[in-house]
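Across the two complexes that follow, chain A remains constant while its partner is chain B and subsequently chain C.
Right, the complex of A and B next:
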């Protein structure tokens, strides 16, 4: 870092105008009796991007803050920060090495897809039960562990995909049983504060599952072999700057981007599951029923959808999705009983970023978080520090998002009932 | 004796028991049992303050351990980096204060060799024992830690004003994770996972009533922690009986209605955060000086789960139950530690006990919503209320029918 002081001054400038913009714009909009749902977020990104030049016209004219304005200003903010960073540290890999950047972005996208899938389960549970499941990370861990047990311990020699399928079935059942036993009092007012009850009881489940697995499986990390090998390809043939080259465990594109096999397979499986899920939610009666309940429980009940059954389905489906994302990733990472904690936090970040209860939001949020983490690990000069800070990047996003726009990027503007309460 | 007085008498007996305990107990595992007691008191402070925050005010915060860690790390850094010296070292950052020099040691992080020395060690080598430096007093570090906990409680309280329920839980969890990641990552200053060492609570021993206690004696920290717990409980009791207690309970039941009835919700929400986080920070600072080392693992979600589980199993809406429950559960967890084997299968109890604990937590939540201990206390304290009400209604009905039979008739 040669000119690091310039970088920090820029950050300070951006942040302070962002804070001023966020606080004052909300006040201005409140005084003029306008819709303030976008005011804090809009004010702060406009302030951060353009400083007083952007803010004063905003306060004078008080236009409706549109999505385009927010997106443009956010891009400007990212541009300013990136330019300051490039100026401060010109030798950094992120600035000088184009292929490194391409590789980081690709890997961020790939891992982001898997994050998005996991967060989708959480947001599905929230949109229907109005419950933030603190057992999501535990189900992620259990999913991976079950694949290991099926493939390596119980039935050695089975194909891992069968293991993944088995893990899905078992966790779906586990989720359904737990929902029937412990979550039913939430629905009919038998508990005074259902949201807190739900948080605590899933917290208890997470605790139990984590230590149950630790007691059964021990504390040594386990690993499952690669699901598939890449076929050996080299295209186009024999010409030196190849477009695509694969070995069994790795794939290289355009001589620059390197993707490891387990992650690629996991991402492809995630996309397949995602397409299946979209089909289920939009084309089948049950899926439509689920979405109907998420919009309005009472109206859905009137049209003949049993909300009780939908609650059970949504919870077990959400748990199954968490387990599935663990099951496809068990080939990429070594697996421990505590492995679920960081993905769980990340899912919280993603669903808050995308909007609690918004399905497309979860997916977009997943990709954003994947990219931010890739940038964070790749660009921070001190590599050791950067890896220690990985859990914090997401949490910083979460904190900022909760302060600026608690309903998230894609959250409903006017939500009703328990779902819209925050 | 009236039934209502049983909890008071029992409470006095429990206090008397804990005061007398270190002097009457004399088995071989004395130090171990005393250690469990001290840790139990520590968890009792955390669980009871968390029950004030979550049970009374309805703010389900998962960042309570972070405040504990803030207190502990503040005093750790304070005692680790600041020293008083009568002579200037010339190499460290130092300020002259009242004839002494306040020396700030330079952070050197974790070094495996003794080749790298911090500036103070170098200076002392050059002085060759001619200059005596003094540590900063431990109590000042603890006070500072408590204050830092309070300041962060204020900030967090301000930030979460608009957040409710699930969002609050996520935000506080985020705060706690950021803090843990920062402490683990800034190895230069906090020594990361290696942990930072602290002087013990009474570094030079202490003399009470003619008896000299060395710094490894368990009795002084036992009483420090015990009286801290009593102090915290007294403060919580006073708060819960005052307007503050009523207002924060109103906040829990319905924030908007409370605001409409003239409760300054902003002020009380922030206040309850400040008070409880200061208690957590205080407990953390004292505990850190007692165990003389603090690592970021103390801020892990497991620790938070323990506090939550203790409070919930005992009864989250009663901080005295939470405190007693924390001590009982800490004892239970320690007693269940011994592993055994059935039919050649080794049962690792250090993990299975936590499984049982988790199951107990879920079952308590599901089937005994007010916890296991709080209803017992309520039975004695408020059990007569139902009978009295029935009696009063019956006598009122008799009075009504005696005094105004015509009116009753006209009403029907």
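Right, the complex of A and C next:
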């Protein structure tokens, strides 16, 4: 950076007023016996964005801190930091190259949607069973591996989408069998510490699946061909396709944004799955039953919903969603038995960031992590370090969120018996 | 009564200890004689390379035993999965030495594994002949028990950057490297070499095992390089190359050096379907110039693995075990010091060629004006640049494009 002192002074200013805002605002709200759930976060972002000009009226008038206020202030903070960065490093691609910024944002969104899909399964299981599944990464791996086996080994020539469907069915069944065999002791008091038991037993499942696949498939990387090739499109005309230009493996929009075929297909499938899941949860009796159990198992049981069956369904669905996110990505990444480890850790980050048990939180958290990773990789001036820090970017956001709003973006304080709400 | 003089008593004691020493050596040579074989057989290590090395070392074991073994015993190669992780390497080296009782160690793929494991072996007096670990410091520390038949990183990197520098119109190079003991110095060497030719370069570092390169691909695309050098081992190299190809900066869009894991052609084409025209560095002479041992090994290896060609790291792994077996035979003992002495004087006709170590305790590299990294280093491994020029081509059929002495065809430079 050419003028790094300007940037670091700005960061110091923003952080200082953010800290003052977070600490003092919470105390002010406590003294006035008001709801403090948004006080720390709201005070911090308002302080960081506007300094004393924003904080003093906040402390004097003490209005309710709304999501709109938080969102607008957050955008102002991002703007301040971006302006300071632009001033400090005017030659950085993130400052001087609009095409690059658009591409990074698009890539961040796309990978974020895929992250969100994987985290959805984890949050679904947590919200119903109160279980943090450590087998989530293993199911992600199994999903991709099953597509490979169905398409390349067992039934060569099969369309990959059939492989995806087969992987979903098989992992749903595997999840159901595992839940019946190993998780039911959690519900009926057969184990003394059900939460710890759940963690240990899913850990065991994860190891078993990983090493079973390693034994069967070996540890060489495998991959599935692209699910679809893009049709050749040149718009508005072939000589000057400034709007859209496609080749088999790539799409270019507005002569600037380039999206690879496997990612695009994976993102579209992820969105379709999300929409299908939302429809299932909100428009079907079974889905409403799942939501009811997530809010209060006892009350749901009184109305005739069988919580045990919902537990099985939730775990199976969660496993299937993890497998599905792997299944759509096996065309984008080389696949190995340990391929699920990093996505699993990332899913934990996203779920906590979005709010434990919140489906929208998982999705928004995924997109946020995707965008932050893209921004970090693209904008950190030292090229050698920029992508080395990828795992750290999500953790930084998570740490800030835990400090400012421990229940996450869309989370809520747990009522007794409820693990979350979606 | 005859008086016994003090010198005679001391001589007797010395003979007794000498005898014990012989007995001790004999005990150490209890059959079978065990040799360690390091190979990454699990991710994040390069499994493709590890499996090839394992197969080669087991073939070496078979061939040595078929030829009568070592010191009248069969040889057993104890394969150890390093996972490409330095922390695992230290633990494995301890296990091989203390629990498996190996008398020497061969193999080794990842430099970070070599760097971490060599001190353990050296401290315990167990000779190691590293097969495929390039980092200069492995021999540069001038440790008594450490040898290497792989090329030096600075030397191999030299071939890579020199080839890039002579390619037409190259003014800017992007280097994508892993943050390991192999990748960091290799990238630095390339940057320095390219800089000396007036070519600018930018290095992008990633952690081993990285899958998603979308951000870095866009960043490299924005840099508009003329040539890309990828120094990523294992599946990370595959992932980067295919993602770059999807984004329009792959081997068919620009001049592109891929890591040598791509020499495993079946795995390459499955994971990088758009990987045609990639350049790679290959250790060892072309198959048409193989010696008798290499021809026999290649035939056995292809029959065992079903592959169409032999990867350079398989040749190196085979020879690392072969050279150790010959050294033990020539030492007449499994004693570490004796094996080192034999290695320093060895002339082993291996699959890679005649293996010898000109520098060591007898002659310091400085005597010939060479750096410390030449200590216990085989100076003759051939390095060529090869290129896939047809989709689906097998690695033995790759065109050798550099240097001229081995050249089988002209390179195809993508504009």
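Assume the second predicted complex is superposed on the first by the 406 of 422 C-alpha atoms of A that agree within 3 Å, B and C clash if a C-alpha of one lies under 4 Å from a C-alpha of the other, contacts with A are read in each partner's own complex, and residues count from 1 in each chain.
Basically, a residue touches a chain if its C-beta (ideal position, glycine included) is under 8 Å from a C-beta of that chain, and two chains touch if they have at least 3 such contacts.
Model, not experiment: these values are computed from the prediction.
When both complexes are overlaid on chain A, the residue A:203 reaches chain B alone and has no touch with chain C. By the touch criterion defined above, A:182 reaches chain B but does not reach chain C. By the touch criterion defined above, A:214 reaches both chain B and chain C. When the shared chain is aligned, chain C comes close enough to touch A:111, but chain B does not.
By the touch criterion stated above, A:195 is placed in contact with chain B alone, chain C being left untouched.
Of the two partner chains, chain B and chain C are each touched by A:388. Of the two partner chains placed by superposition, only chain C is touched by A:260; chain B is not. Residues 214, 384-385, 388, 390-391 of chain A are contacted both by chain B in one complex and by chain C in the other. Residues of chain A that touch chain B in their complex: 126, 131-132, 181-182, 185, 191-193, 195-197, 199-201, 203-205, 207-209, 211-212, 214-215, 341, 345, 348-349, 352, 356, 384-385, 388-392, 395-396, 398-399, 402-403, 406, 421-422.
Those residues of chain A that touch chain C in the shared complex are 93, 97, 99-100, 103-104, 107-108, 110-111, 214, 218-223, 225, 249-250, 258, 260-263, 332-334, 336-339, 342, 373-374, 376-378, 383-388, 390-391. Chain B makes touch with chain A in their complex at residues 54, 58, 60, 159, 162-167, 169-171, 173-175, 177-178, 180-182, 184-187, 192, 301, 305, 308-309, 312, 348, 351-352, 354-355, 357-359, 361-362, 365-366, 369.
Chain C contributes residues 41-44, 47-48, 51, 179, 202-207, 209-216, 218-219, 221-222, 234-235, 238-239, 242-243, 245-248, 267, 270-271, 273-274 to its touches with chain A in the complex.
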